[in-house]
Amino acid sequence: MSKTTPPPAEFEAEFINGLKTIFEEKIVFNQVLGLKITSLLPDRVAGRIDMKHQLVGHYSHNRVHGGVISACLDAMGGLACMAAIGARHMDEAPEQRLHRFAKLGTIDLRIDYLRPGISEYFDLHAEVMRLGSRVASTRMEFRGADGKLLSTGAGAYIVS
Amino acid sequence: MSKTTPPPAEFEAEFINGLKTIFEEKIVFNQVLGLKITSLLPDRVAGRIDMKHQLVGHYSHNRVHGGVISACLDAMGGLACMAAIGARHMDEAPEQRLHRFAKLGTIDLRIDYLRPGISEYFDLHAEVMRLGSRVASTRMEFRGADGKLLSTGAGAYIVS
Amino acid sequence: MSKTTPPPAEFEAEFINGLKTIFEEKIVFNQVLGLKITSLLPDRVAGRIDMKHQLVGHYSHNRVHGGVISACLDAMGGLACMAAIGARHMDEAPEQRLHRFAKLGTIDLRIDYLRPGISEYFDLHAEVMRLGSRVASTRMEFRGADGKLLSTGAGAYIVS
Amino acid sequence: MSKTTPPPAEFEAEFINGLKTIFEEKIVFNQVLGLKITSLLPDRVAGRIDMKHQLVGHYSHNRVHGGVISACLDAMGGLACMAAIGARHMDEAPEQRLHRFAKLGTIDLRIDYLRPGISEYFDLHAEVMRLGSRVASTRMEFRGADGKLLSTGAGAYIVS
């Protein structure tokens, strides 16, 4: 990066609110999952989902479906990319930066299921390991209410 | 495998119906996805989901959410394991074989997103590459209504 | 692709020989592995390695090291990309097309180890599932002399 | 784990030396890579390789081959499993614990290539995210001499 403007310590409310609207409402399936952004920093993002009947994957243990985990971690990895891209383009107006979200796409995703997903709610974390001009690599975590690491993820995303 | 009973050409109706009930109803999140079994053979399984508003991931293109793809392919890989396990234990009563589903768990999952998921419905395919005594490896495909390959997946599952 | 030239049925000797020299000699570690190209078609490529003492991973079984498998499949996935890129740019001179190899890079790789790698030699196959303008996705296979599938791979590559 | 003996703070010299002999010498391909153990603790392990001509992957940049990275990270993930298994069985004699290495096998591996592997030497790190009775999940890192993160890995291993 030949950029001379340093990454911002934090984002403007307009950018954060815009990103929340896209992420929590316009991406309809995130709404089905009940996925909420809890923290949005240039270098890491966090989110949360509450456990509910709809998300059950294992009928006898009230365990969250593995697909809920993969869906949430894919979404969080994308959000981390969006934060990193946003931080790189602070010279653009918030609205212009938000348009960049539409161009983001997952190339591939890996999820490791470590422990059964049983909890009242789950905390999700994602960070960008490297943001290139074409591809970004991310790491994600899915934790129980007690902080225990339940699943981890890694993803590659097309950025532009 | 020291088993002498050959794998069956097809399953009994009782086993198929039992598996459908578990997969399409008891696994609640599969119901949210609208995931249906269309074929259940010992060596390969197929399913389908219809596109609907709830599954949208990209607001401006009516594209299916990447998490829907990962969730469906995880579920289909597990179903393929269940069919392979079922075929290995034809000496057990159908009900007994169905109990084995409860012990199945995904170890890890990889999804490659090849093309945008835009279609009226999607056809899903899964097969077991190797069924060991402790771990099974699967390959999955996510195709559009025109048969075009949109995403591929690979998974490892704990079996017992 | 808006290209009107159809993909070629096969490549010119100059391109094939140039690619062999790069792949089998200039990429020094491929030489350490003993990796040879056995077939180079626009839509799929094949290679072979002979088992030798240097490649042993499991001292008590004379089994090939898992890292040999991952290294070979990474290399073969890259070769498949190169063939696909070569086929897309048949309007360029062979030498010019060969320069494109230098820009290729692996984004990520997944290997599934299905069965112990014990064989006199191994046959490797790779094909491009999708070639985009920036990213290519590939699938690879690692087979024993008897044709048995021992490992599978999937990779994402930066192309340009 | 119903084990009452706590994990040891560190291993006995006999166990460490035995593991070094297996890892650095008996696994012949590790010797080709020049892979050395630099730290062996119950909860994390570290290693190093020196850059050398044999390991070149990109002829024009003296870059390490992606397959060297995947091979080293696969080996390091296995070593981390072995350390975790060793710590779980401190009631056994060192020699008996070392026999457990022979039963270890990689189920699958994912490598993310973040930055070009150009350095005089590389430092490798691995830790076990979860050690189950049948499967262990690991995370690995491949860093340059300046500490920069060049590649990351995740693996699943059969343990017993």
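Chains: A, B, C and D, in written order; residue numbering restarts at 1 for each.
As a working rule, a contact is a pair of C-beta atoms (placed from the backbone, for glycine too) under 8 Å apart; a residue touches a chain by one contact, two chains touch by 3 or more.
Keep in mind the model is a prediction, meaning the values are calculated, not measured.
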item	value
Chain whose average C-alpha position is farthest from chain D's own	B
More contacts between chains, A-D or A-B	A-B
Whole-Å gap separating chain A and chain C, where each centre is the average of the chain's CA atoms	33
Averaged-CA centre spacing for the pair chain B and chain A, given as whole angstrom	26
Chain A and chain D, separation of their C-alpha mean positions in angstrom	30
Multi-chain contact residues (two or more partners), chain D	107-108, 110, 112, 137, 154, 156
Arrangement of touching chains [line / ring / star / complete / other]	complete
Chain C contact footprint on chain D (complex, rising order)	22, 26-30, 32-33, 53-60, 65-68, 70-72, 74-75, 102, 105-113, 116
Parts of chain C lying in touch with chain A, wherever the complex brings them together	107-108, 110, 134-135, 137, 154, 156, 158
Chain A-facing residues of chain D, complex	110, 112, 114-115, 129-130, 137, 139, 149, 152, 154, 156
